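We just call them A, B, C, D, E, F, G and H in the order they show up, numbering each chain from 1.
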Amino acid sequence: MTDTIQVGSYTLKSRLLVGTGKYRDLDETGRAIEASGADVVTMAVRRTNLGQNPNEPNLLDVISPDRYTLLPNTAGCHTAEDAVRTCRLARELLDGHNLVKLEVISKSRTLYPDVVETLSAARTLVDDGFEVMVYTSDDPLIALELEAIGCVAVMPLGAPIGSGLGLQNPYNIREILDNLKVPVIVDAGVGTASDATVAMELGCEGVLMNTAIAEAKDPVKMARAMRLAIESGRLAYEAGRMPRKRYADASSPETGLIE
Amino acid sequence: MTDTIQVGSYTLKSRLLVGTGKYRDLDETGRAIEASGADVVTMAVRRTNLGQNPNEPNLLDVISPDRYTLLPNTAGCHTAEDAVRTCRLARELLDGHNLVKLEVISKSRTLYPDVVETLSAARTLVDDGFEVMVYTSDDPLIALELEAIGCVAVMPLGAPIGSGLGLQNPYNIREILDNLKVPVIVDAGVGTASDATVAMELGCEGVLMNTAIAEAKDPVKMARAMRLAIESGRLAYEAGRMPRKRYADASSPETGLIE
Amino acid sequence: MTDTIQVGSYTLKSRLLVGTGKYRDLDETGRAIEASGADVVTMAVRRTNLGQNPNEPNLLDVISPDRYTLLPNTAGCHTAEDAVRTCRLARELLDGHNLVKLEVISKSRTLYPDVVETLSAARTLVDDGFEVMVYTSDDPLIALELEAIGCVAVMPLGAPIGSGLGLQNPYNIREILDNLKVPVIVDAGVGTASDATVAMELGCEGVLMNTAIAEAKDPVKMARAMRLAIESGRLAYEAGRMPRKRYADASSPETGLIE
Amino acid sequence: MTDTIQVGSYTLKSRLLVGTGKYRDLDETGRAIEASGADVVTMAVRRTNLGQNPNEPNLLDVISPDRYTLLPNTAGCHTAEDAVRTCRLARELLDGHNLVKLEVISKSRTLYPDVVETLSAARTLVDDGFEVMVYTSDDPLIALELEAIGCVAVMPLGAPIGSGLGLQNPYNIREILDNLKVPVIVDAGVGTASDATVAMELGCEGVLMNTAIAEAKDPVKMARAMRLAIESGRLAYEAGRMPRKRYADASSPETGLIE
Amino acid sequence: MQISVNGEVQTIGPQSLETYLSDKSLLGRRIAVERNGDIVPKSQFSEVILEDGDVLEIVHAIGGG
Amino acid sequence: MQISVNGEVQTIGPQSLETYLSDKSLLGRRIAVERNGDIVPKSQFSEVILEDGDVLEIVHAIGGG
Amino acid sequence: MQISVNGEVQTIGPQSLETYLSDKSLLGRRIAVERNGDIVPKSQFSEVILEDGDVLEIVHAIGGG
Amino acid sequence: MQISVNGEVQTIGPQSLETYLSDKSLLGRRIAVERNGDIVPKSQFSEVILEDGDVLEIVHAIGGG
């Protein structure tokens, strides 16, 4: 597909955004990411093990910043302050690259977005010149507020991170789509290809996923499936689906039959 | 994709089978069929209008039997006898081509398959040397019986013809898949791309559709969407989806965080 | 509730029909059936163990034919012939009582109704003077044919027997309701109270269940729940539900607010 | 049923809480509320029309504070300040009665809860000695925070107010139930009886509704349906439903059949 | 002589169905009997004399759904 | 002098809140009154003397969900 | 003589099926013909002589699902 | 003197951040450094002299979703 989406100052060729967690190894990571066709790839920032072997392979060796648009996330941060510090470290790490994925989540097993801390961190980061793609709940009002703050993309969860349950509340996602101007990208919750297609058919600008690909039995093949699922859903959205009908309607003419 | 499906003596390159009804004109029909990538294309058999202009374009001019595998259907037949006569006329019309889509449906507004008449027609046609792809209900026992009779593919409805409601009873479709050896192809009921993906993710060998493409606002674009949806669903089925989880599961490591 | 349903020559006070299988013992059976408020109670017919102790309690001691309308079933029969013989034995066993539940199911793990054998047995039984309540699939045409044969109630499955999955195909059930005049009673598939309520809200005349009560942790309490669920669903159907709305609509006046 | 629920200092006999909006007239209001069996009844506070006839009937004449536990709401308030003022007026209006329903909603057509303003108003009201039943989104973290603030009941929406769409996100409701100690009462979104039953089967302590009853064709009958639906769902929750099964499981013994 | 009852072969002497059922303490119990494919009404138990090769099905009611 | 009641400006003479409510036949009705942002308890209606610029909100209960 | 073609009765003179189809400009078109319930192969159009009372069905392919 | 690096206390002699990183073979690797809450740009590694009580966070990129 030749269509693109504009996220802040970045023009993306693929509507599929992918994570790099949970893979068996960096080799599988690289092959799956390549098969996905994504150009935005998320990564995490973690403390360097001081003792470690200097020749140990690094994520950035397989996912080159020259080839992919890296999207550092703030996964694991439970406060606005930690999220902001993490973003600043990421920006330095990537030589001034200012696109970040903000997520501030609770410590509870749902890993549910903490919308109050998220709003606070978003304000600080936007003031500090970051282009913020923000992970949030499916609360339409919070989504509107995040757009007002200046986030370049709003990314409501489809279902809990890593659950693979598929879109739990299409109503709210549609509501967000009806009210926002910046790109709305479903983040988290997709379990299989059709879940991604459904999100795109609702009119989302894109889908961000990690576990659905990394934990499939064959991640590289699932990455291909997701790439097609996203394109398929977007095309279906643009094509405009047939109306649902309560009763059947013959596909072949009901006249001119032999007797 | 290089994988193929074997239906009787026919080897199909595409898992998407399409109809030719309900299009604005033959030109749109041709362009949509081409965009779908299908190689099996259904058609109907109807009385020739005696008065008609001999130069009037004919379906077979746009859908050439040399390029596509034509699948004449028995749509509109309400008895086994009419269905059998229609198949014989189709075979003559296509110079001995013996692949047919058998459907015997009720006159009721559901156009629901008449399984008793369908069983009877299937027996006659198989004896008469036809390769029968049979449209039926999602009754697992009837599906088994149709396979036993010798049909080369069993095609349970996903939802009423032309309703676009999507798979109404995945349980029965799965049941049929668990028990049959011949290809199971969902026929009718698909409304948008994700419906087709869902059918393929269940493990169906293919999907046959008409209205979902022909009545989309942009049929050619929807045809492309459906082509990708089928490939995506098949890949996802082969890749093996991640398990669904009741609780969230972080995609980024929860250790090594800054403090 | 004072409303009743007419099934052939029988006037039923309760729209809940219950089975007597799978209980821990006859005492629990009796208490659960009583709590359900049902007046139609199904039973099975089986060979008498010749050696057995004559004083061993008998189902009919707890479920007295004087108090309940017994509904002998043909569960376990895989052919029309066995079903007919079983019904005749049941009629003799119950001193000429001619109301029976006909079910002819496959040997497959789905226990799916064998509609061809069912149609054949129904014809024989109706000719032989039985009042036939027939268990069948959700095939709308077969349901119509069973009514035409003279069955006094048509009982489509909601989901596989004992699965507790709830209504799998409300579309077909609605289709059957739109077309039949005799009572339509959902039989099998209910797992919890709301499943029964949903069936009644569709307009069914009643629901027949067994496992949902017998295999609940507390069968007697679940029997009470089901009794209320059926009444609730019927009342809701008669009351006429509010229309679904795409957008919110305030319950309190939006004028006269303080400022 | 003899079981009760404790909400702050109030012991409620019915798990069904009802609103008084949208009825044709006060007479219908009174009859429907009575049929519902509810003891908690919501009301709104609005400016008195100065010119009005002193003998004009008043809501409190039909819904007597002596008979019902009145629950004044803050519907229509879009800020914490207006909500607090409204609660204080209500307390004065009801002679010191301190139980209130707090809702601060957006002006958007979703009438979605404004969780930030709601948190702020809840703090003020709890400090001011009110017993606060709070309407909120299905955000599990916000629900936890509202409990921590001291609200006596947390009432997440099932679906947008007045939409009648039924529970949109059971996953989040279950999440809230798993984490809170105070009663969780689904407020808004119920459309018909089975929706209420489903909410109770999840383990909710109660359901608050208005439109589903008031806008039914026959509100009084729907009120009876809802009363039974709530009792049914609670009983089913306590009884413990049967496990769902992938395959069928016969209700009648499969041995001892005639041959 | 030999008869088959509920699938098992039994060797008995000449007797009426009533006597047979009585020996098995089934008389007066809530049962129904099929003999060679035909129902035997309770009222005829005493008149029916069992014959060599008779196939009997004797059933009663049990719990079922 | 002028006061605002439920958003509308009214010109009245010096009087107690009780008198005002009584003139509007609101006395004894189930209402609540807020004056300049503070609740006025029923018990104090007679003591409260309305002043120029007072802002009153007078409310009652109506149907709501 | 009279024949029925696609449900309509026509009066024609003695002729072969080929001649009939040719008059209707259907010869060489993608059609199939059933005569009195049996298929008439294209190869036999010329040999088949229409008879009084013949019932013909002449069909072609059209769009269908 | 003592400094804290990624949460662990270390005793080192007076030196620049560059020297420290070089000793740990981290120089030239894709890392970022925060010192007492503030980012230290790569360009300033040589100028920054570590002081007693400094708190360093040294991070790199890893897989995450």
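Definition applied: a residue touches a chain if its C-beta (ideal position, glycine included) is under 8 Å from a C-beta of that chain, and two chains touch if they have at least 3 such contacts.
Note that the structure is predicted; figures quoted are calculated from it, not measured.
Enquirer: Shortest hop count from chain B to chain E along touching chains?
Expert: Shortest path length, in steps: 2.
Enquirer: If you walk touching chains, what's the least steps from chain B to chain G?
Expert: 1
Enquirer: Across the interfaces A-H and D-E, which one involves more C-beta pairs in contact?
Expert: Result: the pair with more contacts is A-H.
Enquirer: So how far apart, in whole Å, are chain C and chain G when each is placed at the average of its C-alpha atoms?
Expert: Measuring from centre to centre gives 56 Å for this pair.
Enquirer: Could you state the distance in Å from the CA-based centre of chain B to that of chain H?
Expert: Measuring from centre to centre gives 64 Å for this pair.
Enquirer: Please report how many Å separate the Cα centroid of chain D from that of chain F, as a whole number.
Expert: Spacing between the chain centres: roughly 32 Å.
Enquirer: List, in ascending order, every residue of chain F touching at least 2 other chains.
Expert: 7, 34, 57, 59, 62-65 - these are the residues of chain F that touch more than one other chain.
Enquirer: Taking each residue of chain A in turn, which ones touch at least two of the other chains?
Expert: 19, 21-22, 44-47, 73, 75, 85, 89, 110, 112, 160-162, 165, 188, 210-211, 214, 250-253, 256, 258
Enquirer: Pairwise, which chains touch?
Expert: Every touching chain pair, ordered by label, is A-B, A-D, A-G, A-H, B-C, B-G, B-H, C-D, C-E, C-F, D-E, D-F.
Enquirer: Name, in rising order, each residue of chain B that touches chain C in their complex.
Expert: Where chain B meets chain C, its residues are 106, 108, 110, 112-116, 119, 137, 139-142, 144, 159-160, 165, 168-169, 171-172, 175, 179.
Enquirer: Spell out the part of chain B that touches chain H in their complex, as residue ranges.
Expert: Per the touch definition, chain B meets chain H at residues 250-253, 256, 258-259.
Enquirer: Which residues of chain F touch chain C once you look at their complex with the stated criterion?
Expert: Residues of chain F touching chain C: 7, 34, 57, 59, 62-65.
Enquirer: In their shared complex, at which residues does chain C touch chain E?
Expert: 19-23, 26, 29, 42-48, 50, 54, 58-60, 70, 72-73, 75, 85, 88-94, 161-162, 188, 209-211, 214
Enquirer: Inside the complex, what are the residues of chain D that reach chain C?
Expert: Against chain C, chain D makes touches at 19, 21-22, 44-47, 49, 73, 75-77, 82, 85-86, 89, 109-112, 160-165, 188, 191-194, 197-198, 201, 210-212, 214-219, 221-222, 224-226, 228-229, 231-233, 235-236, 238-258.
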